[in-house]
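Chain naming follows the written order as A, B, C and D, and within any one chain the residues start at number 1.
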């Protein structure tokens, strides 16, 4: 990348006074280079699924229970060995460096300063494990793998993640090729920097490569045996991410998966798929508590977290709002947005008459017309 | 509050020629200071519930019965010992002084001059009982309590309300903290004047305090025992306000509540809740006439009153349209808007073929697509 | 009405090249004085029912039968003793003089020149029977009565209508007072000319009087006995117009009504009512062919006529498109719009695979999401 | 057509870099003469059915199966004796010369260069069989007939089509007259060139004639015997095109039709009909695999192809996107758009977890609200 083409990622580090996370997208658009912004904000196809991920929350209404004797709602929950202070974590996202020069290390530091949650590290991170650790400072982390076609390289990557302290592996199975993202195609978007973790299986570092190119060099033929391979080799709990059907949830449980991650990749992969929220409840019904369910795609408000938990999720993961906050305020911005969600969720819990996360999960929602 | 920051509330007193109450919001926006206007007009979160409160009336159609031998429809009804000339009353709303310098006394005078209805006095009134009485002039009133954390202070407040002549107490239970109101947060809104009734339990008068601050100093842990406490201490009938589920209605009736107030606080508290109208019918079914039902949130036209009554409400309460009318015309504006609703309801009753309020309550509505 | 306030109704007489009838409204708006235009085009309340009258046709889809051996579809049908060349007639509408200086006589001449259909004459006509006859020239006509509070005057009116040759009486029962029409209220609309037919029971000619005033002087207490009164006194078949429920249809049939007219008065009376098309099918099911059904409100295209007939109407009546055509081209405009509908219906019948009106009535529609 | 009125069809030949096919319409609008553009892009009536053809795909969501062991999805399929490399073909469309001076020969060459699919030749082609063959170069083709009222002429046309190598005949039965196309009426659109194939039964070549005129000279009374006539005379398989009901599908199968073509003519014929996609599934259920089903109307993305196949279509036909591509890039544009759909479908198949077209047809869709 020549000097004159240099990608000028935002650099500011500051606390954010967040009114709501929807407008963060507009603010980020003003300061992030357009190719990077479109990559982060955009979806595939008509962006039908992207929009629906948020709007589908309006298909169900929260029924507040009043006179419920609630005060200081308790947002603590637990997943695997982790005691969380909030039921939401960082979603795995590639290339945080598009948002801020601090890259994933900035996000990690924001999360670490917030505390009591989990960082998901994408295999397509623009920062190395070592760089991320500078921000993460021992905070829990999960590792999201994009597999190589070569299992020996996968072993190497898993070794490295495990050495880094990852306590679970997330197998993203809904992204064996890139979604048809019109914005990126129009922008001829290529990553302005490399991806240290997967560069071992790329022909090149990742820099100046398109997502299509990178996905093409990773493994397409993901199947249930990959869950078993990762689980047995790493000895770590394995999530399968991108689950949108009861059938896939059941099949993954049958081969020993440790967690179901309901997601449509933020509307970035298969457009024309239902909203992630639209498929959650029926998946939760068949999972029936056997393994935990993580939910992502579309979370913008505390009400959304509430509705996802009440529909069967155990925890939710947050993506774009964190990335936009990283762009706007670096690690302090990330900390701000986690605090925003914590406060907003507590307020919703108080108003809905739910003292604990268990109460939230037992809350009844109303189907709206 | 320094002189230069003085809140310049409208002062004009005049009759209003009301075409419809929807446009009153636009007219009020032109003359009310923006912070006050946004506080009055705004809702929480995405304002989904705020908008839906009005639009949900379109989910059901009035089926006019023609050739029904109707003339001069009779809008009289009764609730408790009160004979009302119309089936609608004033909703409890805080801080009328934001709309007009006459504060709650102006509203009270407008209601008193209209006659045959009930004033609800909010504990967050900007005027004292004595000031309100100047306008109310003996007209019936109910008192809406926001409870202190200290029951001795609650007793003092109830004593004062009873001495003022309140004939029922409204326990608002859907507002134990403030909703997440983006407009107020953006405006850094604080009340420009104090709240005499609850100032006894506030650290300060209320002036220059935010809603979050004030709610925070009131009681969060509202439960069914509070209904009993208020009822037994005051000897007055008690409404529980903010009911949105059959479960809460049944629980409140089981502990002796005297009336159910179906409301979502005008979309100001928990966004993502259903429209108030959407939950009315199923609540009315379980209440089954054992206690009266008051309905608010979204009433803008006579048709809305009709649909609420036909869905199970005994009377409805009107909020924002009155406040905007107060802003535009002081007490005369309030009288004008009550007259508007009376005329509009009579017209709707005539056209729908319903001679009496009982006929309205027995009318069949059609579910629309 | 002083000279300077004179209502300048359009005067041009010309054939219209009609592309569609929706845009006729826009064209008419340019030439009709605004008060008159709003009176004609507007509806009551939020105009929810007005808009829905047209959009509700999209709730059902025509299922074309292909390879149906159709050529030169036959639009002839019969109602009572009248052989019609098309299954649509003129709806009763007040005050055509707002649209064109030729008043109802212009409409009548257009219909007469088209031939094979029926003119409905409103009791609120701005032209006298004699003036209308100049245009109608012996063509069939029905008379729509707005009743006086005084039955002797009603007898006089019926005598006059019968003498004029009316072959049926339409009792409009959905308009015992005026709908709440915001546009007219805002415009302080009064009729710029008198109403010769009902002036016998008005205090004044009708000129410079509001609709509220005029409706107020007519009879409110319409009931089923009025059907019997009109039928027995006039000896003519009687329609009840404004039927929106199966209950009213059955009740009217029980007292001997000769035809059911399903209508919501073009969305001008009770806003918040369902679209006229939305209630048609269930009414037709209970009428079950015992008496004919006329349908109006919302017809703008041949497809709409088709859908109404396939949902149980025997004939439809057309209102605003005719009035706008009258404004744009006088009697020639009226003839043009009748021709437009005839051609459009024939095309729809051909494409839907229906040779006759009976075929249309037997066509299956598909409920759309 | 005089020189100064000459229709200036685009002439450029170039590869297209297609981001999506929706925006092709906007690009084409800039270079195609407006009358021709409106003819191609427009629909009938309110264009309700035109718009719904695309939006109705959002009524069902693709449920991606992940971890499905898919790589290099195989889009091959077979219809009759044709092995296709993709499950989509060219829809029959009149007058390609409106889009590009190369007329149907350009489209044919694009298809031939792409290979592995089928060209549908419309009887209303602006090019002769001989001219089209220059582009088609032996590639498979089907012939869509608009019948003459004179069966001897129909025999001549069928003879010619057969001699040209057509391997099936498509009887378009949903277009016995022209739809009511407001745009064409407004533009007074006439074809700027003749139609060599049907000119034998027209009074004139087709040049300067309106669609209404041309349709009027073709046969209206299409019925099931025409299927038999064409089949027996030509000895070729016969499709009936325009099927929108299970009834018509069953009736056509009963008389020996060889394929059902579900279509509403791209929303150009009967407005107010359901979207083509909305009727597909119920037709496929009754056809039950006895004959193949071709689907058209509304295909704009790979997701749409997927949803149509998963709802019962065997192959789909693509219309407007090809025509706009022809306008923008001549035969190279046509090849580009076929390549676009191939790539997009493969991506969708990979992401949906479907290795073969059979997998696609067995995929489960989710009904969306």
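Keep in mind that, in the parts below, contacts are C-beta pairs under 8 Å (C-beta built on N, C-alpha and C of every residue); 3 or more make two chains touch, one makes a residue touch a chain.
The UniProt protein names, listed by chain, are A, B, C, D = L-lactate oxidase.
All values derive from a computational prediction rather than experimental measurement.
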- Interchain contact steps from chain A (L-lactate oxidase) to chain C (L-lactate oxidase) (minimum; 1 if touching): 2
- Rotation angle for the CA superposition of chain B (L-lactate oxidase) on chain C (L-lactate oxidase), to the nearest 5°? 90
- Message: Looking only at residue numbers at the chain A (L-lactate oxidase)/chain D (L-lactate oxidase) interface, is the share used by both copies over half or under half? Answer same or different.
- Response: different
- Message: So the centre of each chain is just the mean of its C-alpha atoms; given that, what is the distance between chain C (L-lactate oxidase) and chain D (L-lactate oxidase) in Å?
- Response: 42
- Rounded to the nearest Å, the gap between Cα centres of chain B (L-lactate oxidase) and chain D (L-lactate oxidase) is 60
- Query: Of all the residues in chain D (L-lactate oxidase), which ones touch at least 2 other chains?
  - Reply: none
- Task: Using the contact rule from the top, write out all pairs of chains that touch.
- Result: A-B, A-D, B-C, C-D
- Which positions of chain A (L-lactate oxidase) touch chain D (L-lactate oxidase) when the two form their complex? 45-46, 48, 59, 173-180, 182, 185-186, 220-224, 226-227, 240, 242-245, 247-248, 251-252, 264, 269-274, 278-279
- Item | chain D (L-lactate oxidase)-touching residues of chain C (L-lactate oxidase), taken from the complex the two chains share | 19-20, 22, 57-58, 61-72, 301-304, 306-307, 344, 347-348, 350-352, 364, 366, 368-369
